[in-house]
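Scroll down for the structure; my scribbles are underneath it.
Should a chain be cited, it is by its letter among A, B, C, D, E and F, assigned in written order, with residues numbered from 1 in that chain.
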């Protein structure tokens, strides 16, 4: 898999055109990326999002935000928004207090749980699922795979290391490395990944079910104001009496 | 797989010729696409369609149309036609009311059911199947695969993400991404896809069997007029008493 | 798989030579095809076919012809011949009455049965099989595969679509598309293909056994005259009393 | 698999050198083949063959020859020799009476039995096997594979066609075609191939055991004279009383 | 897998730029490596490491160091440090007394145990695991694989040799060689690798549990001084009474 | 797998440099090979081998030598040495009396036993194994694979031929040919290879255990003199009374 000769030619032409329009002397990486996006996605059109979709997105982002706020040791919440940007229809931003050098097993499990919080909220509130969680699932699965395959964090497979795909710097696509283990091991890896992901989803669902009221508060505020800063989130959720850290 | 060196040479030559005939200065994407079609399909010949084939096509399109009309939340019907266009012998056009940003599980299941409505009509009326449903099956399978593999919409596999093939922008062919999961998981994915597809087919069949009269009305009108606009469809099907939305 | 750099060079040279001998200014597709054949097959030599081989071929073609005549809804018989042409040692020609746009399941099953009629005749008459049926088997298998994988015509696998190989326009070879389904599904597909093929073979065998006399008549006439037109076939087989369509 | 860029460069250089030494204006296919052989095998050295090896070769060739003479319908024996030629240490030559257009199942089974006759003789006489039968096994396996996969000659797999590797015109290597069938089918194909091959070996062994005396006569004459023409073989084996065809 | 045409172009450009900045006349290997790192990793930023992370790293390195000191026949300890260098957050350096030409099974088992000592310490002290052990696991698995596949050091698989991936000199990535053994053998190889790795981990854990006090001493000293030379380690651990070699 | 574009470029440059230093006009094959070795291995450093390693090597080579001397029909012993040459730390040289054209099953089993004699000696004397036997295992496995797959020398798989990897003339690496048989057959091949190899190892071990004294004598002499010619070996082992051939 990869670009054929003709694709590359097209990609290079498109990138050259884009660079030319910006009066650049050289074609730069960003031109290649823009060219690729244009070929693959077509031009992005700004469009109005329907009220119904907006509500789903608001609950999705509130799910991420609330789970992130409830779990100890996750990165600090920055803001949450349902203003679309690029292809994303909403975003929950967390920033680590310090550069994280070593990711611990417990931190990673929390992070996966936060990633599944959006989907868990949709399921809880609307009893339906949407394609919007696609990137959350991809990232969560990738993290779970690394926990099992690279970081020895699965009880069953132990400290054996298995090659996983790498992100291809140009095409934005994960490339599978040639597998040097057996089908039997592949099955065990899949089972461990599914276990990690499903445990995290259950944890996210439980947290949101217990805190349904706060989830509604957050989603309603988000629908109204479209962007909430860390301070606003904190005062809306009103945890003061319960936790003082 | 892909084009060999000789193929590419031929493709480029053909595209250059086509661009030349249109007095273009540069070979454009559409020239490449036309060249590819010409090489792969030969020139398209306009031909008369036999009465018997026409009847099958009319019922096929009426199947899509009626299922689309019966299911709530699907995109709005625009028109249905049995006038051949390009390689398609007929078409049912639906247009979403608004840009769809998030595709919900229920919407997707309906869409797959509409896609299988053509085949279900053929089976119901003629007790036979034709090769004409090939593209419907391909699209329905692709959607079901994405539901299971990308969007976490299968109960059994849960919110784990599995890479699926991407459409190759040039060759119109879906390219399988290198698989990073086990044979055991592949089997479970196949089973879930088959479950989704077969449930949708049964649903389409049931709907058409219950509404056989309306199916006949639509197909007969279509055979006569060859193209029906949304309004005509509506008045033919005559749902007024039953639903008012 | 495919042509190596050296092969392509050779192919291009050979094609250029062939085009040159015909005083063409450009190398055309047909030159490439001729070059490929010359490289892969060597020059074709006209040779006398032995009496024994001729008899087998006559029964083989008569098998195709008689099954085609006996099955309803197949394409109209044009002629049958045992005069060798290119690599083929005989041929049964059928022409559709009209352009076929939609191939129905019943039509396809008949077509596969006709394809296996040659082999069935050899088996019935000589109790042996020959390599001459190779292309019939290839075509029949390909059709059965498309019925199962593209056209949803297998009960067991239903309306799920599976990618199948495409004919490579240059090399005359079928290229397998990267498989995106499980080994378990592959096994079920193989079983369905074998079921379709074997049912068709049994059907062809039964028909020929019941009509053994007419098979002998046809084969003998073919051995004598080497080519039979539609009218001659019809009067030889003498179905007048039995069917009037 | 295939030649790398560097290999091709080397191959082309070597072929150009060889063509140059022969004062040719163009590099021809035979130059490429000679170059490939030189790179892969080094220069061939003429060497004396030990008495013990010679005896094994004599029995090996006599095995082929005797089985070929005993089986009806095989190609006519031309000569048998133990004079080394190229890489072969001996040869049994058979020529078909007429060009064979259709290969029958019974003819193919006989041919495979002849191919295994050399090995069967070694086993019978020396109770050991040698690497010298390598090409016989390769050819016999290839024929058995085609019987099963291309020509529908296996009872179990029936008239289904499976792609098999093709001989690559340049590299003298069989290239496996991408497999479009299941592991389960692959296993059944393997079993059928092994059945055909082992039945043929048993048949060859039985024939040679029954005709051990004639085998010794032939091998001894071959050791003495090194080359036997058809007439000499016939008078040595002395079948006059038994068969008159 | 590998670099696409576009990647290579980018790599070459980047390397040329880097070589130019150093006023070199030719692009050298180190320029390619630097270019690759820059593309894949971005520029490295110097950053402060948190107290909590530092403590984990200190115990991790102390785990390696203590296990290395406790096991006989391992390479001589040089120093241990938690000063970050490049991407590594700490390091335990061992130097062989002499060039090792033959690696014995017992030496290799010890080396794998030392590699797992870092992770074992983290688990023992913090009850958690971190991603920081990733390279240890990779190296340990690679060694175990070579023991089983290249060096015949597994009881179960014996002295059979199986191809393993090689390090690709340019891309720093291990390339899997095409596998020429069965899935069944692959499973047995995986099991043996896991057995070796898990036995080593248990051994490391046992050693550290027994010597927990010395582990604490070492980690505390390391947190304070950040780098310990061989002599300092020796006096801190104070084995004088127990062993005199 | 293979060299990437960048690798080839580097290889070509390095080879050109090497050829230039030798004042050659053309880059020759040997330059490519030297370049490849330099890139893959770095420059070789001459280093002193430790006494302990030397003793292991002496026993390893004595194992090969003694087994070779004890087994009938193996090639004639030339010399044995523990003077390192290139990457090899020792060598046992055998030369066939005459060019071997046909390799018999019994000869091959003996050769594999000789190859495993080095490892068997290490195991017997030191109760440990070293990585030094790696090439012996590779060669022995390759021979066993050819016996099973090419030469029909396995009882279980019989005279069926299976493609095996070929040595790639440039990269010194064995390239797996695309497999055209089933996983089930692959498992049976693996089992047969393991049976051959393990039987040979047991045989080597038994021989050396019975002749332990002679093994010690040989190893001690080798440690002292570092190289033993055929005559010296013969007088050291002192078989005069026992065998007279």
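Just so it is clear, contacts are C-beta pairs under 8 Å (C-beta built on N, C-alpha and C of every residue); 3 or more make two chains touch, one makes a residue touch a chain.
Since we're looking at a predicted model, the values are computed, not measured.
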Can you grab the rotation angle between subunit E and subunit F? Superpose on CA, round to the nearest 5°.
60
Rounded to the nearest Å, the gap separating the Cα centres of subunit C and subunit F is 53
Can you compute the centre-to-centre distance for subunit A and subunit E, using the mean CA position of each chain? Integer Å is fine.
31
Among subunit A residues, those touching two or more other chains are 5, 175-176, 179, 183
Chain adjacency by touch: line, ring, star, complete or other shape?
ring
Going round from subunit B via subunit C, the chains run B, C, D, F, E, A
Report the residues of subunit F in contact with subunit E in the complex, numbered from low to high.
1, 4-7, 10, 39-40, 47-50, 53, 56-57, 89, 116, 119, 126, 128-134, 137-138, 140-142, 144-145, 164-165, 173-176, 179, 183, 186-187, 189-190, 193-194, 197-198, 201
Per the touch rule, the subunit A residues reaching subunit E in their complex are 2-3, 5, 8, 11-12, 29, 32, 98-106, 108, 146, 150-153, 157-163, 169-171, 175-185
